[in-house]
Amino acid sequence: MRIKIINPNTNEQMTRTIDAAAKQYRRQDTQITTVSLNSGPPVIDSSYDEALAAAGILQEVKVGLHEKFDGFIIACFSDPALQASKEISTAPVVGIGEASMLLACTIAYKFAIISMPKSAVSSMRALVASYGLESRCASVRMIDLSVGKLETELPKIKRLFLCEGREAIAEGAETILLGCAGLSGLDKEFEKELRIPVIDGVVAAVKLLESLHDYGINTSKILTYRTPQRF
Amino acid sequence: MRIKIINPNTNEQMTRTIDAAAKQYRRQDTQITTVSLNSGPPVIDSSYDEALAAAGILQEVKVGLHEKFDGFIIACFSDPALQASKEISTAPVVGIGEASMLLACTIAYKFAIISMPKSAVSSMRALVASYGLESRCASVRMIDLSVGKLETELPKIKRLFLCEGREAIAEGAETILLGCAGLSGLDKEFEKELRIPVIDGVVAAVKLLESLHDYGINTSKILTYRTPQRF
Amino acid sequence: MRIKIINPNTNEQMTRTIDAAAKQYRRQDTQITTVSLNSGPPVIDSSYDEALAAAGILQEVKVGLHEKFDGFIIACFSDPALQASKEISTAPVVGIGEASMLLACTIAYKFAIISMPKSAVSSMRALVASYGLESRCASVRMIDLSVGKLETELPKIKRLFLCEGREAIAEGAETILLGCAGLSGLDKEFEKELRIPVIDGVVAAVKLLESLHDYGINTSKILTYRTPQRF
Amino acid sequence: MRIKIINPNTNEQMTRTIDAAAKQYRRQDTQITTVSLNSGPPVIDSSYDEALAAAGILQEVKVGLHEKFDGFIIACFSDPALQASKEISTAPVVGIGEASMLLACTIAYKFAIISMPKSAVSSMRALVASYGLESRCASVRMIDLSVGKLETELPKIKRLFLCEGREAIAEGAETILLGCAGLSGLDKEFEKELRIPVIDGVVAAVKLLESLHDYGINTSKILTYRTPQRF
Amino acid sequence: MRIKIINPNTNEQMTRTIDAAAKQYRRQDTQITTVSLNSGPPVIDSSYDEALAAAGILQEVKVGLHEKFDGFIIACFSDPALQASKEISTAPVVGIGEASMLLACTIAYKFAIISMPKSAVSSMRALVASYGLESRCASVRMIDLSVGKLETELPKIKRLFLCEGREAIAEGAETILLGCAGLSGLDKEFEKELRIPVIDGVVAAVKLLESLHDYGINTSKILTYRTPQRF
Amino acid sequence: MRIKIINPNTNEQMTRTIDAAAKQYRRQDTQITTVSLNSGPPVIDSSYDEALAAAGILQEVKVGLHEKFDGFIIACFSDPALQASKEISTAPVVGIGEASMLLACTIAYKFAIISMPKSAVSSMRALVASYGLESRCASVRMIDLSVGKLETELPKIKRLFLCEGREAIAEGAETILLGCAGLSGLDKEFEKELRIPVIDGVVAAVKLLESLHDYGINTSKILTYRTPQRF
């Protein structure tokens, strides 16, 4: 199958990071194409950034439908424009937030999310709640730095992540989700330190799309994700 | 005080409807300016429409801040781009969805929302849940027509609204919220028929902004609505 | 409009405090009359005190209806006899607990309540839950002193309030509610120290009643607040 | 043990009904004394009636403490003044609402409450929620007649009760609670018709008080039910 | 009445402990018979142990029905095979987990459970949730030792229990439940130290069975506990 | 990878049905082995049947670990002994109930479960709740026939299934889950009739196990699924 991954910002390095993570765990017959937005926020740090990215994400979905992709991934943990993408797409669309939470539920009773920056904590909890998974979430913990700092302050962010990870385990977390696409590829490194499974949502999303494709099931168009009349 | 109301679509007739409702109940020293988006969806029927409207809404807030407005209203019941607007605005921002639900809680134990089209039902319930008000909501009922039909099929929509209103009352609703800005101004007409209070979110939002202004309190910028670094 | 504020105890100094707070933020055409109970508890420290105050509160509402007031405020954060008052009143009745929580939701995602004494913590949480607002409440924190100590130990209580306020912020609170009518008037002083909005429920209640009056909507009498046959 | 049952209204016939039900299922060494209020509402139909009854209930508890009763029952399904009574009493106090719900949970996964009048439906649901038992409650159904009609329209009320009972079973109820003390004594008659267990809260409360007495445990005074300083 | 208590493991000392606690608080006309399983786990430390014990528990219920017992108690706080037992039994069956939680609700607003080992914490919270009592539970705290250590390390376990009990009180607990049948009989000793009521589920279950017996009500067989066709 | 599917009853025809469904959608490099229990209930109709099957399921997991399987599926929608299996297994274990619910969440906002017999409705709802997915479940609907009737009354059961499916859609279901392993293989047939996606949990479980295997993540052993000391 052919999967298009949409990195909903203009950060090319992050796009490469995401692409590498997806390709590492894809099945042999899965093709991955990862794109950045042509214009939009450099990183997603706020609801404002999400709102600005929305039109660009949807544009990439539309283009991708013409290019006959078999599935789409929105590669930002807050799952921006996910519902709108599911509405307009005739192929399955998965967000890395939803994918990592759902997959986590098969291997742990409680997961934790470690994300950034701190101001996103309410949105993150609201996301978990909107998926109905509050009782499966032991902890939402934030690193209070802009996602943009991933390029320049990675060692510090890794250290803070492990710190928050240990706190999350003390709060009952049994698996940790990388709460930001920019952290993609660090799962196994963190897993070695924290000694519990760490899940990269990009990988989770690839695996879920492959599952849907194998099974031949697609987004239900009967109600919530009904195709808009105009688009 | 000076309030800017943003109708998040390009429909001028709806803008006039909203403006009239707001002006009918404003205090004498309140000035109302209602605008449509320059570009965007003709009406908001889906998450896709909401996503497309987001950038335009935020642009209107930014322009309005330069114009020194004292408060903003986003005049679509699904409160699109509300969190992002609260992030970037130095003046209070209120959505007509949140305003009508909060005001309803002072006069009734349970409210009902009657909105359109049917495919928005999950989003509407998710909105209520995100505000924490599920236990105050007796019923979310939908008219399965595009919001665009308000211009051409108003009598039919009024009839369907009353029908759903009666069902909502049977389900325990004690007040009915007009679940679409396009229904603005019909509150008292429906109230007469249904014999319980009917709330127009546009009016509720004006009154809440006036209340915040009188009291001199503004959006808390400490966490969820922290001002983005870039905007 | 003419608003009657009922301080549900016999403490005259608290009545003056409440009256002053209400008058500071009322609109010019709003008249405020604040009364104490003729008999009842000196302050409200327990459910027992609330139960004892109930008959007196309802008596003041009944008298106020004959005096043609346009709205009533019950000025105790635990909103004693609020439902009963809404049942018997033909004019809107607002409690300062409900008013401050609802207004808080327009300026913050999560509020905290700081109240007294400690034994009321379960009742306070139950109140929040009964309004459906658990997910909007970051923290309920208590000062373990009788409300009666407000007269003699105000400096200590202020110090404890700020202490609890800082803890509440650390727990995610974005606005603080004065959880006791006896704290009325201290909002701006605390706000200066805590640097997030602080809400006085007496003011919130006045503004909400003015909003309802302007809009011309009143308590729904169809179900929960149906007028009793005997009263 | 010696149990004082407080019928929180002035209706002597209801007091006799309650007394008879309690005595039918008491243990041999349990003495039952059932009293009406000296003054107060003739029946409890509303929150207003509950508020008016509160002072009288507390007075009866205080008198009962002097009379050395070993336990108290508040015999109205809405459990008026129950928390206040637990605060001031040195002996256990049980409400017939809480007692019937808790006992029901041992014999059924889901219970239903059938009460009266209809306007109390929100209060009744709020009561269930305040006890944390929403997920155990299949249905709250109301007969829309004043409790006062029990004397004059009993056959009609019985017919309506069975009607609602059958609806409740269709909604998943596995046991039915008599949602009004005035229905005391009809449990076995209804049980024969509905063919599922029917619980009389008066009996449930007697059995729970006997259980607490045998076990020698009493209300926890550490927080919620702390003894008030003044009473 | 004749009660059969099933200790769902093969530990004879625990059976004697349970038997003693039950007999200490039984009514004079209640006969208690306590049995261990013939084969099964030595103690219940995990879901695996619970699963292994299930068939043996059901066998003891079946034998007990032939022996004409009037009620059954499953004496393990996690209430293993409780629903299955209620399905097959014609007499009431009560688990010590459910019994202690329900009885606790009459004397405290919030209870805490102190159990063992730590890995059972999610199961314990899930049990509380399945009974609908999350909002009544202040805290679930675990001692991280196998239940099997009760024989050899009792002094240490007592010390840890009191430690966790004090933490639970700080978290708002008003009564403490002995979260393991092996702790039976220590209620009053812990109560003296912690100065709040401590509940032994074995006693609670005996008292609830006696209550059901006196009242003549039995498990509802209409839905959840319908008798299986084959057994 | 090599997957062992455990049909937790002794019904060979159901085992063949399950095996066929799993093999239809497995990847080429996945080997499926499906087994029945040697002894146990003929079908799972009740909690009693589940309890009886538990030991046999765990025995099959243990044997499978010696046979070096890479993953296990418990093929009964009520996920019997799932937690215990996760505790003892060093390879991932997935239940068809959890698998179908989690996969459903990627393609629909709300799913419905159609299962049998009617008495299992509370257990089924409790299962959904224990996974935290109540808000994603539009409806749990039951066919009131023993699972054993699948062999002899399949046409009737199919007709009833479609009937319930249409009701579920009216209640907001966007995808239907086959709530019984005995219905395996009927997904596409029902999908054609109902015109919304229908999910077979056996297939969902296979795809999730393959996903976990590809990604190289396994059950977290830190807390809930800690390996028992004895087994």
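Per-chain numbering from 1; labels A, B, C, D, E and F assigned in written order.
As a convention for this text, contacts are C-beta pairs under 8 Å (C-beta built on N, C-alpha and C of every residue); 3 or more make two chains touch, one makes a residue touch a chain.
None of the values given here were measured: they were computed from a predicted structure.
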Rotation, 0 to 180 degrees and nearest 5, that superposes subunit A on copy subunit E via CA atoms: 120
Greatest separation from subunit E - chain, by CA centre: B
Subunit A and subunit D, separation of their C-alpha mean positions in angstrom: 52
Geometric centre distance via CA averages, subunit E-subunit D, whole Å: 27
Junction residues of subunit F - those touching two or more other chains: 109-110, 121-122, 129, 135, 172, 223-225
Pairwise touch network: line, ring, star, complete, or other: other
Chain pairs that touch, as defined at the top of this document: A-B, A-C, A-E, A-F, B-C, B-D, B-F, C-D, C-E, D-E, D-F, E-F
Subunit E contact footprint on subunit F (complex, rising order): 41-42, 45-52, 54-55, 57-58, 81, 83-84, 87-88, 118-119, 121-123, 126, 129-130, 146, 223-226, 228-231
Residues of subunit C touching subunit A in the complex: 109-110, 135, 172
Complex contacts: residues of subunit B adjacent to subunit C: 25, 27, 92, 94, 98-99, 102-103, 105-110, 131-136, 169, 172, 174-175, 195-197, 199, 203-204, 207-208, 210-212, 214-220, 222-225
In the complex, subunit E residues that touch subunit A: 121-122, 129
